[in-house]
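Labels run A, B, C, D, E and F following the written order; every chain starts at residue 1.
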Amino acid sequence: MKTYINEIKENDQVDSVFLVKEKSSGLTKTGNNYLKLKLGDRSGEMEGRIWTSVEMLSKGFEKDDFVHVKGKAVSFQEHLQLNITHTEKMEEGEVPYADFFPVAEKDIENMFQSLIEIIKQVKNPHLNQLLNLFFEDDSFIKRFKMAPASKWLHHTYLGGLLEHTLSLTQLVLKIVNHYEGLNLDLLFTASILHDLGKIDELSYHRSFDYSDEGRLLGHIVLGIERVEERIGQLPDFPKDLSILLKHLLLSHHGQYSWGSPKRPMTLEAVILHYLDDMDAKINGIQQFLKTQVREGSKWSAYHRRFEQYFYVPALLEEMELSDKIEETKKEEE
Amino acid sequence: MKTYINEIKENDQVDSVFLVKEKSSGLTKTGNNYLKLKLGDRSGEMEGRIWTSVEMLSKGFEKDDFVHVKGKAVSFQEHLQLNITHTEKMEEGEVPYADFFPVAEKDIENMFQSLIEIIKQVKNPHLNQLLNLFFEDDSFIKRFKMAPASKWLHHTYLGGLLEHTLSLTQLVLKIVNHYEGLNLDLLFTASILHDLGKIDELSYHRSFDYSDEGRLLGHIVLGIERVEERIGQLPDFPKDLSILLKHLLLSHHGQYSWGSPKRPMTLEAVILHYLDDMDAKINGIQQFLKTQVREGSKWSAYHRRFEQYFYVPALLEEMELSDKIEETKKEEE
Amino acid sequence: MKTYINEIKENDQVDSVFLVKEKSSGLTKTGNNYLKLKLGDRSGEMEGRIWTSVEMLSKGFEKDDFVHVKGKAVSFQEHLQLNITHTEKMEEGEVPYADFFPVAEKDIENMFQSLIEIIKQVKNPHLNQLLNLFFEDDSFIKRFKMAPASKWLHHTYLGGLLEHTLSLTQLVLKIVNHYEGLNLDLLFTASILHDLGKIDELSYHRSFDYSDEGRLLGHIVLGIERVEERIGQLPDFPKDLSILLKHLLLSHHGQYSWGSPKRPMTLEAVILHYLDDMDAKINGIQQFLKTQVREGSKWSAYHRRFEQYFYVPALLEEMELSDKIEETKKEEE
Amino acid sequence: MKTYINEIKENDQVDSVFLVKEKSSGLTKTGNNYLKLKLGDRSGEMEGRIWTSVEMLSKGFEKDDFVHVKGKAVSFQEHLQLNITHTEKMEEGEVPYADFFPVAEKDIENMFQSLIEIIKQVKNPHLNQLLNLFFEDDSFIKRFKMAPASKWLHHTYLGGLLEHTLSLTQLVLKIVNHYEGLNLDLLFTASILHDLGKIDELSYHRSFDYSDEGRLLGHIVLGIERVEERIGQLPDFPKDLSILLKHLLLSHHGQYSWGSPKRPMTLEAVILHYLDDMDAKINGIQQFLKTQVREGSKWSAYHRRFEQYFYVPALLEEMELSDKIEETKKEEE
Amino acid sequence: MKTYINEIKENDQVDSVFLVKEKSSGLTKTGNNYLKLKLGDRSGEMEGRIWTSVEMLSKGFEKDDFVHVKGKAVSFQEHLQLNITHTEKMEEGEVPYADFFPVAEKDIENMFQSLIEIIKQVKNPHLNQLLNLFFEDDSFIKRFKMAPASKWLHHTYLGGLLEHTLSLTQLVLKIVNHYEGLNLDLLFTASILHDLGKIDELSYHRSFDYSDEGRLLGHIVLGIERVEERIGQLPDFPKDLSILLKHLLLSHHGQYSWGSPKRPMTLEAVILHYLDDMDAKINGIQQFLKTQVREGSKWSAYHRRFEQYFYVPALLEEMELSDKIEETKKEEE
Amino acid sequence: MKTYINEIKENDQVDSVFLVKEKSSGLTKTGNNYLKLKLGDRSGEMEGRIWTSVEMLSKGFEKDDFVHVKGKAVSFQEHLQLNITHTEKMEEGEVPYADFFPVAEKDIENMFQSLIEIIKQVKNPHLNQLLNLFFEDDSFIKRFKMAPASKWLHHTYLGGLLEHTLSLTQLVLKIVNHYEGLNLDLLFTASILHDLGKIDELSYHRSFDYSDEGRLLGHIVLGIERVEERIGQLPDFPKDLSILLKHLLLSHHGQYSWGSPKRPMTLEAVILHYLDDMDAKINGIQQFLKTQVREGSKWSAYHRRFEQYFYVPALLEEMELSDKIEETKKEEE
């Protein structure tokens, strides 16, 4: 069973799998070689040292490998450090990703099924076929379920792209009949595909970062390319519909300064932009508040990207929230 | 029965009530006095002239009065002009406003009842009392039902403030359970009161314009003052709740540059800002498209405030829209 | 032979082909039908009237057709107007475009050959193949030779895209060895393809305007799609090279606010952006100065897009320019 | 008598009152409890330790209390630390605030009297009454005298709000006759009340910080509310005058981006904005220069908010300044 | 005696001097030559025609000459037009400029003497000498007295530069002792010289416009050049003082975006910027209000440069202004 | 021979010249005086200590002197420190600057000769004379050859100003015939003189920093002053030409926000701005990439001024670059 780094205490005997984040060798004062490791899992990082049988224990694994280690946690200069006496490299398939990376709290399979249900409701045959080309492709599905939605701002965990996509699509579903004259199928399709390019923009194999093509081209263009490629496989896909769909994808950031090469020019594009921006921001704030509000404080730390503080009034909890939610749930039935 | 200006044709005998928008006197080439009027109703404006009995017919009314006139429509320099032979000032009570100003297409009483129903669901006793102080005050109700929501951009018609307030509150209702941990009563109350100050900001007695206090103080501050005054009548209203509510009102424009002295700092304030902005923009575009798309074109005229064109694809209408709406309606039951 | 509108004088008998820009019918004071036309060619526009045999002469052509007309130029309210007595619709193939639209002063075939010569120097086999896929495709070549480079700002004439592309590529050729470590083939290829999407962004069939996909997607994305499609035909094209090339195309506007979804991140991308921007601006100013400097003035009219005046010092002409050009030409040999 | 922290030297016996800024317990290597305190006064902070009679000495005071302590200053790891042998909590009234917070250099009572003198000159009976409502309210006066004018930028000390208000009002007094047609009473009243809301915006009980309502509503709106409340007590106060006064308060930051929901629209509002901004900036620079210019340097450190360096030329001091001041003083008599 | 254009009525015999703003020839329907003039003075412009003795009356004057004309005012197409029967060119010295251009309301000589008095108080010998170099130079004085301060925004009349310079210097005089540690001589000198370059930037010989060097270099740099030239004539002028003075001149616009290549870095520079900006803006608004407030309105027209409306409350006049001014005057004695 | 700081190892006997960057005295625990030095050369900095004969060895040199020291490198708290036993001050002439500051990689004399060759080609006698006034002045030449071009961004080494000036002028030479109608002599002269003021703006005697006049006036104005002074020595220099030249110098930053008080208004000014900006940016990126790309990475560190990352594709090196350079070189012959 996994032992998490933030649970390890002085003098514990540790026997678990960690990700090797750094690996280098050092020299003791007496002139002997030793090995310095930085070990990580989703709960944090700690130093590891191999003082004996250095050569033998160092073989067989490299930086970025998952390694099964055994050893004892000792305290050195006020920090814990693992003195390692056993190492064994693990194959990637043997290791549950969720032990090593933050992962969505909601169940990924459930979310995926909910999204599939919505897709089934898209009646326009061209858009329906297009969505199916994506969501019947196992390799795509695997990446789509795993990807985070962002490196920094919102849904920054495995499954985050799926969670954000589903959340946005559900918002669209709730709001879409509020206004007249909207093309529902177009809106659903665009909301499902809008951040598609993030499966290529972000790399999340060992840590969340931008891929080269992510930095150089960006998820908007990467997504357009994937959609264009699939549309190319549907010879009857109408040109006008293709342009409209791509316009929604291109313009969903809403402004040039946020990386959209076009601003929204149709009602559907305007709505997609607002709901996407709102969903990302709400999730971003909620994630931030989880770790960035000191106990006893009603104010968060300063959020650098949003350039402001957020307020978490105690009041909210006290005002018999539960009653009211029931109430409003009923009224919707 | 009202004869509308845009229905008048050359040589018509006209007998109807108009608003006098300008009144001045002129001199014919032969040195006789005549009276120049600009007449208006909700359908447009036209020139009026009094050539005979000038002194007598000119008495009894001024600019900005409603006047019952009789006369004949003649053509002068390619424009129609009314040669007036009878004038009679009308009292304000005798005249239906909707003949003279654009008015919401939706029924005002129906919209108002829908809003009252939502207000009843606000369970927090302080917020409920506060809302009742407003919505049991007939003088307030009368102005609230009449006011437009904006001079330029969106819901620019009598009843527009009510329509926008209801639409926003319904959006809140639809979305509010999508996210956890929101204070629903606070959100409903803020959405109902958010543009309150517009009943003072805009004057819509004779034409839509800003009042002096509207220009000098703005609807955000005017609304805060009205809310603060009512809260002063509720001695037990919690200070914290009052600050939170006013924060939502203050920050609902979202940015300094849009006239909000504070940016949204709570989840509720963030959501209120996005939905308000979206609702105003969607209505603004829809209104604009009604008059600013030339027949046969898929592109609107250039929208100066939004600094862009909008696109109205024929496609939207062709894609069997009706089927789909049924479908999605069912799924919500 | 073409008679240009700006050459027509009162009482001239006109016998030439014009583009019909507007067509509508009117009613004379005596109640007879007549036909109103707006005729155009590259030199300007004039009114046309058909007073007799209206029905017969009106048949067979519509707005946006090229029509051979005969008639007499008469003066009406200080403007010339053509009283037409003969009409005959022309097929598009029969009409030289250059009579009706502004066209590059430089010879299009010569410019095209110069560009082909530069393409031949691209040695990287992948980039070379990619360029050949474009420049051996007659349908592409035809559009590429014809397209203007912009609706408003620079090279706003038939052949303008080619002229700008060649000019930029020649600038690259001159400068590229000035700095060390640049990938020349990449720079040449990107400069040749950088505005490719403009053949789809602009429509220039009857007047210069944006196409629907031009407005909704923009030439940057349209160009990327064309390049991506061609690269798809080259199975061995390296992924890295493809990303780099597309990065140069995406980022050539240099800034988000100018519609680039990415800013230049490589030395080649930085150079491409500067030279493209400079070439467009210099041509834009030169075109502007041709018509927007009043005789005797050293100052141009106000340029709205650039938000400034330009200065054309007489001094420049007086300072024996010719001598110096010879001089500097020599030194380059 | 107060012993200031920055005067304490190694081995001093200290017997004085300090503010307890942090209080927590620790464990010695031998397993005994001890108490860790952070002590503060206006001159700085230092560590305090209670090693013996820990339980007894720890009782009776908490974080944010003023405590009379006795103990000996010892050096630990190059820092002084107070080994405490006696503690006694002080009541707030017993403690002079000025020992613990930076305080205006100018005498607060003198400044207040000067302001009262100016208030007496306001002849408009409504404005005069309004000012009196504030300046005859002891509770208000107490807070107004104590409040700083800003957390970061200018007059960041007790009495700073009063000092800035007086300074601005004196500037108004000096300049107001320079221009014709100004409403002097309005300008005086607005300058006296312009930053009123800062007594609610900032909390300065234990440290300078924003209050919840300060962050959520801001001093501009808080001030408006206080003024509106007082005007409500004056039934004859003219509506127009009230709007004008509130406009000056609302717009005194001058720009949306600086948190004013309205820009100045009257001559008085324009002047108030300029003089307020100038006075705040000059004081801000002067305060900054006191601590942020290294000896021997003519350049200040980088000012982050103003995003620049300031220059303090030696020259200024050398140029017989005193003579000149006499001179110009004379000329004003 | 001068007859002003806005006083001329139909059928008047006119005998006065005007500025010829345009001069061209036309052809009557009967084929005769006539001369078209545009005549101007400070009150407006009107058309002039010479129908007879055209050749003789046309000789001897050109565009931009002052010409004594005689003729009769007739009405043509609703406009007055002068049928001229006599022309005589005037020498420039014979013509009072103030008849032809707007001129400061305050007496130019009085203002100049007031400025000279302030200059005398500058005790620093270097700065005093520098000022004297300018203000003992008759050619400079003549231009300095005549120049407007701006083409568009403020003090846009002959004598405007002097008026603004004096006003700013008087503001400096009033405020300068309010703050400690300012170098008064430096501030006075900079305020007197700050807009010096405007005598070169603006041409105001026939109309207010920018000179070539004004547009190409700007008054800030032109002023620096004039100051630098004079300092070059004072061999003992301290380098440090010269840099400081020039810094105040360079930075007085306060921001890069307003054309200052440096932002204010000393207290004196900060104050100069604020007072200059305030004085220009107040005068700009006052000038604007004189012509841009419709009778009966409390709101000005929209001010394009300032991008806002201004408010002129009736209230101001009613509140016994005169009493109060007396009051505050006394208190200053 | 120079021993560089980054070559010194523990226990080395050091005997070399260093720049004394800091000098202060300390007290050992036993109460003895010692001297603390910070020593520097172009390779880095290290601590120096004088423990014995302190008084004698401390005499004769101060901070900012070059001093010949002898001593032994010892390790103290993981850092090397020089225990000094001999000191001797060096005269400035005895010390090669390049040992202490970064210096251009290209040969300074060669670059200077190349620039002189270009100057000879300027045929306009006035501009030629002006350039000669500068480039025949030994004192100017010495400073011009030594100065860096910037403190932070580009060409930040001795000789950098010369290198950037030559590079820009060569770019001008390559491009200038690409466009018609340019005044070549004006462009060459402006490119040679454009950053002239940097010899006064930056001080680079002991470290690269801004001089007082650099910060207060900036290199643009300082350069204008130097040019104006020289033009004053050429009585026949045409006024128009002087204005044009100065306009190019003033506007070469291109935008107000980059410190240009005027934007480019002539074709030459536009070109100068683009090429200058490009050359500075390319050099800035190239310098940055030399130190700010971690081994094995294709991405640079984040560039704070440019606010982005840069990409260094391995690809570039692999694609037989050498062949192609030959190729393109040939083609230019």
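To be clear about the criterion, contacts are C-beta pairs under 8 Å (C-beta built on N, C-alpha and C of every residue); 3 or more make two chains touch, one makes a residue touch a chain.
As the structure is a computational prediction, the values presented were derived from the model and not from experiment.
Common neighbours of chain C and chain D under the contact definition above: A, B, E, F.
For chain pairs A-C and C-F, the one joined by more C-beta pairs in contact is C-F. Between the Cα centres of chain A and chain F there is a gap of 46 Å. Distance between chain A and chain E, defined via averaged C-alpha coordinates, is recorded as 64 Å. The set of chain B residues touching two or more other chains comprises 212, 215-216, 240, 244, 247, 265, 309, 311. Of all possible chain pairs, the ones that touch are A-B, A-C, A-D, A-F, B-C, B-D, B-E, C-E, C-F, D-E, D-F, E-F. Across the complex, chain F is touched by residues 212, 215-216 of chain A. Note for the complex: chain F touches chain A at residues 298-299, 309, 311.
Chain B contributes residues 121, 123-124, 167, 170-171, 173-179, 181, 183-185, 238, 240-241, 244, 247, 263, 265-267, 270-271, 274-275, 277-278, 281-282, 285-286, 308-313, 315-316, 319-321, 323-325, 327-329, 331 to its touches with chain A in the complex. Taken in their complex, chain E has these residues touching chain F: 212-213, 215-218, 220-221, 224-225, 228-229, 232, 240, 243-244, 246-247, 250, 256-262, 265.
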